[in-house]
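Two complexes follow with chain A in common, the first pairing it with chain B and the second with chain C.
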Partner chain A sequence: MKKNNPIIAIVFWSLVSFLTLFPIYWLFVISVKPAVQLFSTPDVMLSDPYWGNYAKVWGDRLLRSYMVNSLVISTGNALLCTILGFFACYALSRFKMAGKESLFFWTITNRMAPPAVFLLPLFLLMTQVYAVGDFRLLDTRIGMILVYCTFNLPFAIWTLRPTLDGIPKELDEAAYVDGASSWKVITEIVFPLCRPGLAVTLILTWVFAWNEYLLAATLTNFNARTLTTGLSEYVTTTGTEWGIMATISVFTLIPALIVFGLVQKHIVAGLTFGAVKG
Partner chain B sequence: MAQVKIDNVIKRYGAVQVMHGVDVDINDGEFVVLVGPSGCGKSTLLRMLAGLEEISDGTISIGDRVVNDVPPKERDIAMVFQSYALYPHKTVYDNIGFPLKMAKRPQDEIDKKVTGAADILDLTKYLKRYPKELSGGQRQRVAMGRAIVRDPQVFLFDEPLSNLDAKLRVTMRVEIKELHQRLGTTIVYVTHDQIEAMTMADKIVVMRDGRVEQIGAPLDLYDNPANIFVAGFIGSPSMNFVHGQIVNDGGVRQFRSDNGLMLPLPHTNAADGTKVTYGIRPEHITISDHGVPLRVIVVEPTGSETQVFAKHGTDFIDAMVKDRFKAAPNSEVRFAIDPANVHLFDRATEQRL
Partner chain C sequence: MQSNRLGWILLAPTLVILFFFGVLPFIYVVYVSFHQWNPFAADPTMIFNGADNFRKIVFDTEFLNSVGVTVLFVLFAVISELVVGYILAQAFMKEFPGKAIFRTIHTLPLIMAPIIVGSVWKLMMTPSIGIIPHYLNEWFGITVNIGMSPVAAFTTIIVMDIWHWTPLVTLTLIAALVSLPPDPFKQAQIDGANKRQIFFHITVPMIAPAVVATVFIRLMDALRTVDEVWMLTGGGPGSATRFVGVHIFKEVFPKTNYGYGSTISVIVLYLTIVACWLLYVTMLAPRNKKE
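Moving on to the complex of A and B:
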């Protein structure tokens, strides 16, 4: 068998890594330069960092509230979608029901239309339909959590279905015979075996909600504004504050990296090996 | 321990009926094997016994209790699956102890029972391992350990050895039999392997197409099969069948095949001219100068025995002889048949005469 040359692989992956990481590095470099330096001598080298942009962003109460909103909305949405998606997939995987595959396909068709198509119906739902007294879902965190479910729940179902289908039904049956209730079968057997799939679903839905701009910009005014919508506030008629925007961008990147780092260990394959004879 | 009564059980999937009124009585402490070809309904019957499959009609009782609508966890049964069904994220200890944990037993009792089961099954040094770190035989023993600790009224085994290699299968067969002798618990065991059935069972239930063909002790089925299906299924190599009729040749009643092969007839009340299927087991044929002449097709020496395939026209007969035997293809061989070992079956109904 022909052996691959390791040098080609090293060069290739170094190049890919450089192309991926350089924009992030450059973003960071821009965030630690004063505005005057950004336009005078464009320089990608990091020298004499200026932390003023960070102090300004961190000191801005409004931006801090945007960050909290982003965190609450993304985390709430990711948890809700992953939990609901898990139970939906468990039902699809384990129970016989008429039109099961059609239902599954119908669910994921939500992902096929561009999000802008949903703007007007969602706006009307949040202002006219789902109203209790004076309470409206528009410009609320819970409203945005539910809005993102429109897109993330089908995605969660789509990603979790193969995971649930991949867990042998004999394990459920063995647990039932061993004296487990339906709830125990889910919590003791199925849920732990789904952890890799759940981790992947959790992080991808979280990242989608964290990065989303269009719906957040349209369906929030003040109370539930997110960090991505905050970015646009620095593009004004008098100019663009690139340093501040780069700093906010770095702030948006950091939580995503932390979340990914936390769940990375769960994203491993082959956990079900040894369950049944293959 | 408990007796199990399966009474006129029917199973339908929509309009399709797959089980047609099955009746089986299993006594306390009995080792009963459900055997039959793929699709005969043996696993479905076991799953209905376990509560994993609903019963369309009829009743299943364990002990004195009808369990038709009783969930699996309340049937006081333990099941060993063909695929082992070990929980891959739990250690051997946790796998074996899982039923006790579900029953909310105290930790010291769990410890005692798990270590006791591990001791019986020679798994003590593997208690901290995960299923993926075990061999096939060890996994099977863990599955058995998980069943033992429950101390159930009935053990259910669903083809537990079919994923093991031939050598390990023999070892595990002995272990399961030994376990039954030690525990004395009622066992219902499903297999498609008639050797497993013959070697392990107190009682065999032969099934075909969702019906019970015959129930009996292993040697009873071997000696007195109720019909052609049971006669062909029980015993290895399979019984020879030759189609023909009873003839009276100058006062001597004989069997004459459709190809004119004349074979000795056992005592029978069937009238001359009755169309029958003649059955003789390969191991009941000997090679003798006074036997019936046939042409050799193939000779297969197995070491301890020699299997000789021969034919007369389109009638094929094979013999399993103890002696070493060599013959060229197409040479003549004479098969001697003791009429006492011959089985006659009605050609139309396939039932034993």
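Moving on to the complex of A and C:
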């Protein structure tokens, strides 16, 4: 590593950090201002914070249930996508199946679909086709968990593939020679070796599911509504409740922050689709 | 070697889920794209009109304009992100106190929900309450109104995108730079290559796969973006920020022109797949050459 003047680096990075943090800080400032103050001269410094918005949001039973829904849906979806993605990648990396590379590329095309138009078919399928008796998939947590697979499962597969390709096949073969069953090889030999890749996939899919808005806004109306959709409910025709909106944003941000902080160091590998061998 | 049957069994759940929630809706959209249909109109019957929608799209200036705006947006945003991301990644290659903290701060925007990013920038830019227009006006006498000026709105979206996604580029490039072998650089220095030659002939080709991967991810997501833009500008003023994702959204929701909206989606999806496939092949090319 080159020796550089640390002062310059620190000044440079402080500036970059200021630019990065300012919008987040501003979000917080708005969230602790009473509505009447919003339209006066914008004040950069925080003076006399007002916690009314937080009390209001926290006291709102509906928003609390949205938060629980968000947690259940993103956790369920992240687990499902990571596990299924792992199995799929094991198959893609170990077997000589016809057309598997095309299949691999096809999975990601599911993520490319412009979402607006797919809302209606999904809505129709979930109300009319995917229903048993009185049970319909629309507006259920399990329904949202499955719908989110359309963008998270391809992502999980593309993120995990390099990890699995990187584990030598000889390991599996040696275990087979020793008489281990396929299930045992997959769960007891390959799975533990993939742990870092799996952790990254789990976290990233969790964050994507947590942040999703458009699908949740259309495919849920009460029972499975998520926190991000709560945001838009405060943009009304009579005006926007900026303070509440900012407060919900802060509430949405915090869990993602905590989760992300846990794996910050390992996150890079997951974002490059294997173009970089770490 | 085990039989391929196990492979298919392992793949089956993935294929089933993607079939029911990806393929079936897609087939439906393709079917609808050959119809004239407004499900919320007084007469909600689907009228088959052959390839009329597809013929219409070629001459549809609104659609072509949205494609143009999107291409412009992707070009501006992705190139700026690559340049800024590269500079920051290089800056991270040196040791300095507090590096870990600065890196963590720099990654924060990545985890923010697009809809929240949209609202944050809306809070900062809305003329009556926003801090940025206020101080630009007070200090420099510049009036910025994203509700009125197309240039201001477009620029704001680009700046927002750079703010949101540069960290991804930086992280990817850091990973690429860290994994570079030192030998070619030393050799080039011994041979008397200057900095510029080293950059263009050694660094660039070696980090190219990472760059292509980043462009792949950004392109894929930029073409379907709705939340952020919808929240910030709603596609306006006029059609200044009506990217294809937003255009489809407008066609389907406020106008409820569902048949035609489906046609646009099919075309856009097709174009996205082609563009991404080309990038994917480029990304794999150096690896295949080695094998």
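Everything that follows uses one rule, which is that the second predicted complex is superposed on the first by the 240 of 278 C-alpha atoms of A that agree within 3 Å, B and C clash if a C-alpha of one lies under 4 Å from a C-alpha of the other, contacts with A are read in each partner's own complex, and residues count from 1 in each chain.
To be clear about the criterion, contacts are C-beta pairs under 8 Å (C-beta built on N, C-alpha and C of every residue); 3 or more make two chains touch, one makes a residue touch a chain.
Note that this is a predicted model, so its numbers are computed, not measured.
Peer 1: Taking the superposition on A as described, I'd like to know which of chain B and chain C A:94 touches: first, second, both or neither.
Peer 2: Only chain C; A:94 stays clear of chain B.
Peer 1: Is A:132 contacted by the first partner chain B, the second partner chain C, both or neither?
Peer 2: neither
Peer 1: If you stack the two complexes on chain A, which partner ends up touching A:246: first (chain B), second (chain C), both, or neither?
Peer 2: A:246 sits against chain C, while chain B stays out of touch.
Peer 1: Please indicate which partner A:254 is in contact with in the superposed arrangement: first for chain B, second for chain C, both, or neither.
Peer 2: After superposition on chain A, A:254 lies in contact with neither partner.
Peer 1: Tell me the contact category for A:184 with respect to chain B and chain C: first, second, both or neither.
Peer 2: first
Peer 1: Determine, under the contact definition given at the top, whether A:45 touches first (chain B), second (chain C), both, or neither.
Peer 2: In the superposed model, A:45 contacts neither chain B nor chain C.
Peer 1: Now for A:176: first (chain B), second (chain C), both, or neither, which partner does it touch?
Peer 2: In the superposed model, A:176 contacts both chain B and chain C.
Peer 1: Going by the touch definition up top, name the partner, chain B or chain C, that contacts more of chain A.
Peer 2: C
Peer 1: Please work out whether A:193 is in contact with chain B alone, chain C alone, both, or neither, and reply first, second, both or neither.
Peer 2: first
Peer 1: Looking at A:168 after the superposition, I want to know if it touches chain B, chain C, both of them or none. Which is it: first, second, both, neither?
Peer 2: A:168: touches chain B, not chain C.
Peer 1: Taking the stated contact definition, name every residue in chain A that is touched by chain B in one complex and by chain C in the other, in rising order.
Peer 2: 176, 271-277
Peer 1: Which residues of chain C touch chain A once you look at their complex with the stated criterion?
Peer 2: Touching chain A from chain C are residues 1-2, 4, 6-8, 10-11, 13-14, 17-18, 20-22, 24-26, 28-29, 39, 88, 91, 93-98, 102-117, 119-121, 123-124, 128-131, 134-135, 163, 167-168, 171-172, 174-176, 178-179, 209-210, 212-214, 216-217, 220, 223-224, 226-227, 244-245, 248-249, 252-253, 258, 261-262, 264-265, 268-269, 272-273, 276-277, 280, 283.
Peer 1: Within the complex, which stretch of chain B touches chain A?
Peer 2: Spelled out, the residues of chain B in touch with chain A are 50-52, 71-73, 77-79, 81-89, 98-99, 102-103, 130-134, 136, 139, 146, 150, 163.
Peer 1: Can you list the chain A residues touching chain B in their complex?
Peer 2: Interface residues on the chain A side: 168, 170-171, 173-181, 184, 188-189, 192-193, 271-277.
Peer 1: Given the complex with chain C, which residues does chain A contribute to the contact?
Peer 2: Spelled out, the residues of chain A in touch with chain C are 1-2, 4, 6, 9-10, 12-13, 16-17, 19-21, 23-24, 26-27, 30, 38-39, 41-42, 44, 84-85, 87-88, 90-92, 94-97, 103, 105, 107-122, 124-125, 130, 146-147, 149-150, 153-154, 157, 176, 182, 186, 207, 210-214, 228, 231-232, 242, 245-246, 249, 252-253, 256-257, 260-261, 264, 267-269, 271-278.
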